[in-house]
Amino acid sequence: MRGFGMHSINDLGWIEKDRPACGPLDAIIRPTIIAPCSSDTHVGHGGSGPKTDLILGHEAVGIVDEVGAGVTRFKVGDLVAVPCVTPNWLSRGVQNYRSFSHDRGMFGSFKFLGEKDGVMAEYFHVNQADPNLAHIPEGVAPEAALMTVDMMSTGFHGAELAEIEIGEKVVVIGIGPVGLMAIAGAALSGASQIFAVGTRPKAAEVALAYGASQIISYKDGPLDAQVLEATGGKGVHKVVVAGGGTQTLAEAVRMTRPNGIVSNVNFLDISDQITLAALDWGLGMADKDIRGSFCPGGGKRIQRLLNMIEYGRIDPTKMISHRFHGFDAIPEAFKLMDTKAPDLIKPIVYLD
Amino acid sequence: MRGFGMHSINDLGWIEKDRPACGPLDAIIRPTIIAPCSSDTHVGHGGSGPKTDLILGHEAVGIVDEVGAGVTRFKVGDLVAVPCVTPNWLSRGVQNYRSFSHDRGMFGSFKFLGEKDGVMAEYFHVNQADPNLAHIPEGVAPEAALMTVDMMSTGFHGAELAEIEIGEKVVVIGIGPVGLMAIAGAALSGASQIFAVGTRPKAAEVALAYGASQIISYKDGPLDAQVLEATGGKGVHKVVVAGGGTQTLAEAVRMTRPNGIVSNVNFLDISDQITLAALDWGLGMADKDIRGSFCPGGGKRIQRLLNMIEYGRIDPTKMISHRFHGFDAIPEAFKLMDTKAPDLIKPIVYLD
Amino acid sequence: MRGFGMHSINDLGWIEKDRPACGPLDAIIRPTIIAPCSSDTHVGHGGSGPKTDLILGHEAVGIVDEVGAGVTRFKVGDLVAVPCVTPNWLSRGVQNYRSFSHDRGMFGSFKFLGEKDGVMAEYFHVNQADPNLAHIPEGVAPEAALMTVDMMSTGFHGAELAEIEIGEKVVVIGIGPVGLMAIAGAALSGASQIFAVGTRPKAAEVALAYGASQIISYKDGPLDAQVLEATGGKGVHKVVVAGGGTQTLAEAVRMTRPNGIVSNVNFLDISDQITLAALDWGLGMADKDIRGSFCPGGGKRIQRLLNMIEYGRIDPTKMISHRFHGFDAIPEAFKLMDTKAPDLIKPIVYLD
Amino acid sequence: MRGFGMHSINDLGWIEKDRPACGPLDAIIRPTIIAPCSSDTHVGHGGSGPKTDLILGHEAVGIVDEVGAGVTRFKVGDLVAVPCVTPNWLSRGVQNYRSFSHDRGMFGSFKFLGEKDGVMAEYFHVNQADPNLAHIPEGVAPEAALMTVDMMSTGFHGAELAEIEIGEKVVVIGIGPVGLMAIAGAALSGASQIFAVGTRPKAAEVALAYGASQIISYKDGPLDAQVLEATGGKGVHKVVVAGGGTQTLAEAVRMTRPNGIVSNVNFLDISDQITLAALDWGLGMADKDIRGSFCPGGGKRIQRLLNMIEYGRIDPTKMISHRFHGFDAIPEAFKLMDTKAPDLIKPIVYLD
């Protein structure tokens, strides 16, 4: 079968591989819509280290093509959303109450983009279908469902991680798809004033539609100075970092009040060095938590996000800026994500 | 000065009293808008035990008329919202991280309706003005601000107490003002499907506007049976009890999934007996929490709720069904609340 | 093979069955030490409803006798502790952050005593060996390890559920093995004063050894009155219910301060009715949580408890009051648990 | 009156000042035992910026010498423990559920060592006596009580902030008094294996007495390498930082498992720069929280810690390595703390 991925760092193209084999608890999926993600391009450029002959992609909805003998909830022909994070639920790493992301070590639950081939292929493999897949409810468009598997899950998680209380003021740094969903997630978590940080006009428009109160631009000066000024010198209660560079975390800490939380869902580069002045962090005693987490895995998470669409709490399709058709369009969609055209938010590719 | 209240149980009318004295940390407020609440009528009928010569009312916005020498944040002439719960912040009872409601014993932070006269008077007293009052931001209508001091605070608290996670299914029992705000609070906390329980058509309409997915009526059979049927036998994750009788808690427990939470913000009667079958509560081992809490007190809480209005997250004035004018209209508004006319949600009285 | 269990309610004795079959993810265990538990006798008497031809027992350590092809962490001959609660980790029910006890519905994760035969047999079956078994560390005696699988796990959970903060005052109702471990768990969670409720002298002595500050007896008057008197009328912050009858929960609520938690780990009878006066529960608004939960399942939990023994934080063998030897001694040990001799705390049976 | 403090950075000595005035809610205390703390020497050397003519010291027990008219719980002659952090409970900053440390801005609740003179004086001032002082229970030695006001409160807080679950493995970096109390706090929070990091033999001995399982030394190689080796490459669940330099936080992050927490209670220097490699922090997605907090303030906190001593949960006097007598001994005790003699843990000075 054919898939799109990386031969090696910065050498991307079509890869020919065998159709993956299906274990007794697993499923093989034929994707019907996929979306490239900046994590794919990040990995393609070596951001998580060297990889070879790896099919990329981790956002898909599709049709179940095969299931193992031990699968009971899903059958061939089912239309499913596939979480980008699919924990091994038989590992010890999931037996805690904080996250299911690190099944057999750090990021262990993230199988695509490293441990195995991704979804930009004719077929792809999902470990443990029963706990990891989600049926798409009637009334939820497949392209909307596609938005749940990473963008909604990760963006909302940025808001969850920040433990936003009703009425708190929040900054979301970055208005790419994850940032946009962090904005929506913050609004759905009870934030009052939401500052969104970004510059791209189309994304800014969507940010306002998802609940941002106002847009702040890097171009108008240091972010923390802008936020402090806009809040009477106090700063905000919570900051979600969904974009930016290595200095962003320090800016985020500076704009956060004591007892606040900085919540990072931005994929840092393997070569990044974070620096933070002790003074900005209150000499280590300011009760400013710094957290960084990962898209929560598993089918129940996605089911709940699909319910958010089903009951009208959010329409994630506002993020879809570009729609491509046909398997052969994958490279073009991928390149668009890589080069980040000014009007780009999220491209998707209909495969059938 | 004149106030409206109870001479004794079920004997209500005008009461003549001295203007209250202002302690060094306190304020005297001249109310400009007040709202009677079912808690006032409940107390008037003896629901919290006997009281005599007590001015009722605990929901007001008004003008600061006098401040003590130690007050620094407020001055005479300021327009303020007054939380119905005004803790004594110098007590030990507030030094915990769960609630500030029980300053010197159970409900100690609730001063009106018992410890001292209420707000349906020409003037009323607020202990510790600095921590307990809130300025009303520009752009927030005083009648909207009035909704924060108990209805929004209590209703939202029902949702907060239920620790709703994004995508969870929620039942709110009761569509009086507290129930309506619990619905809005659930939606603002990330609920997906929200069942609202009630029968009054006008309130049902507002419930849908605040985010209810559908209305369930007591008249169509046992509530738990209806909810179980609507959820494929599973029940919901969280239930907020904002109305009902003594059997309601047991119904709520039955409609709740394991790992769920029943959150009560309904003011039970002093003579009520709660009964619960062990089987319904999973033989005591079903991880179904039963919680009951109180409107959180203090000025910061109200400030944050005012910010929710300021930034367009909610318009609580949809609840205001009746507007009265003039001090002499208080008894009529009170009676309307007491008799609960079919089209009643929340009456308010403009005093000036 | 032979096992000890119930032919039907109140008709107990030896049962002959086939050795259980081992699924691909599972293990068959040959128990080396077992302990009867009051839950076994409770079920034998019909406390959870009718059962027939069911081998009882859910507390065992033993030797792995067979593993399925998919098992990687355990091999034949390994000495293991077997959690009494063994979730199906492929279910959706475990994908939440509150408990793993309800895998496919209420108590679904508790397989013994209902869904399948128990451990008082020559061999027994464990679903999903990798996530559910635990190796016993060197230096931890097998009989100490046996105490982790239910008594330590459940008793400590009572303390965990109560969210004890450093310095809080706690009541533990019941000084059977679960109550004793709740006392130890409370001490290991930072409680200051711990009241233990019970009457049996030997158990009382062990309670003091595990950290109880003083013993309270039912015989000296209502429990809540005694606790209120001993705390200057204030009551305690947290109560763990590990014994008692249907009135115990109401007593527990009455002795709990506002902002407190009542945590039930007592197995209520299927016919019990709980009653609670609204006044005792603060008219539903006193911030007194009522929680009831179940022994947390899975191998990681047991591993952590074994570590507590390994590093000298607790010696659970102080609870072992009676040691029997040989498979044929099971009925006698069971009967001892059923009749609760005055000097009984926990009997165990060495099978080899 | 006379006090010991800093004329300016690095210029320490006796300072003559007026006895402080007592506000209506306040108290004046005559200290009977004081303890210098490394925070005092840190400030004396300019670690928190320039200060002039400031009496140092923030750890004292003493006798109430005067109370304001509004004080109700304390009277002249009472023996009290004085929290080092005394929030202004009338501020808005305390109205949150995370910490009470930042009353009118960062560290606002810490009045000594900056906002006003400290306790190494004939008399000192305590704002808001009712919420901020604590009576010393009978049976608790005053020198034990002295250990609660900062060392126990801060050290235990390090453990609390790390949210240690029963059976988790913990590293405490630093075995000064705060580190020692973090070790005891970790043991009292349910930790199993506790690694203590330090080199001073006497402190190491006390660390083992408070619950450390083993001692690790900086001298034997990088800390994270040692901890990873001792835990089979996995690292620990939680790390409390109670000492070290600017590189310590990065080491702590490296030795922490995913889903872990690094909890800092070390007072960083105003000139410190923290650096952290993205890779060590799991590219920002490893669910490794970094927290930094402050000694919790208020009288209830201290009361609870005094109860821990009263009920025999801990004996903090094991930390007292040097006892001085008389007011004139303060400079010698201070110097001892400053120069950190090898056998020093905590010096105290009896003033009467």
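Read from first to last, the chains carry the letters A, B, C and D; within each, the first residue is number 1.
Keep this in mind: contacts are C-beta pairs under 8 Å (C-beta built on N, C-alpha and C of every residue); 3 or more make two chains touch, one makes a residue touch a chain.
Here the structure is a predicted model, which means the values were calculated and not measured.
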*Which neighbours do chain C and chain D have in common?*
A, B
*If you tally the C-beta contacts for A-C and for A-D, which one comes out higher?*
A-D
*chain A and chain D, separation of their C-alpha mean positions in angstrom*: 40
*Can you list the residues of chain D that touch 2 or more other chains?*
96, 98, 301, 303
*List of chain A residues in touch with chain B within their complex*: 156, 160, 165-169, 185, 187-194, 213, 301, 303-305, 307-308, 310-313
_List the residues on chain A that touch chain C in their complex, please._
24-25, 70, 89-92, 94-98, 100, 128, 130-131, 298-301, 303
*Touching chain B in the complex: which residues of chain C?*
48, 93, 96, 98-99, 101-102, 105-107, 241, 246, 257-259, 264-279, 281-294
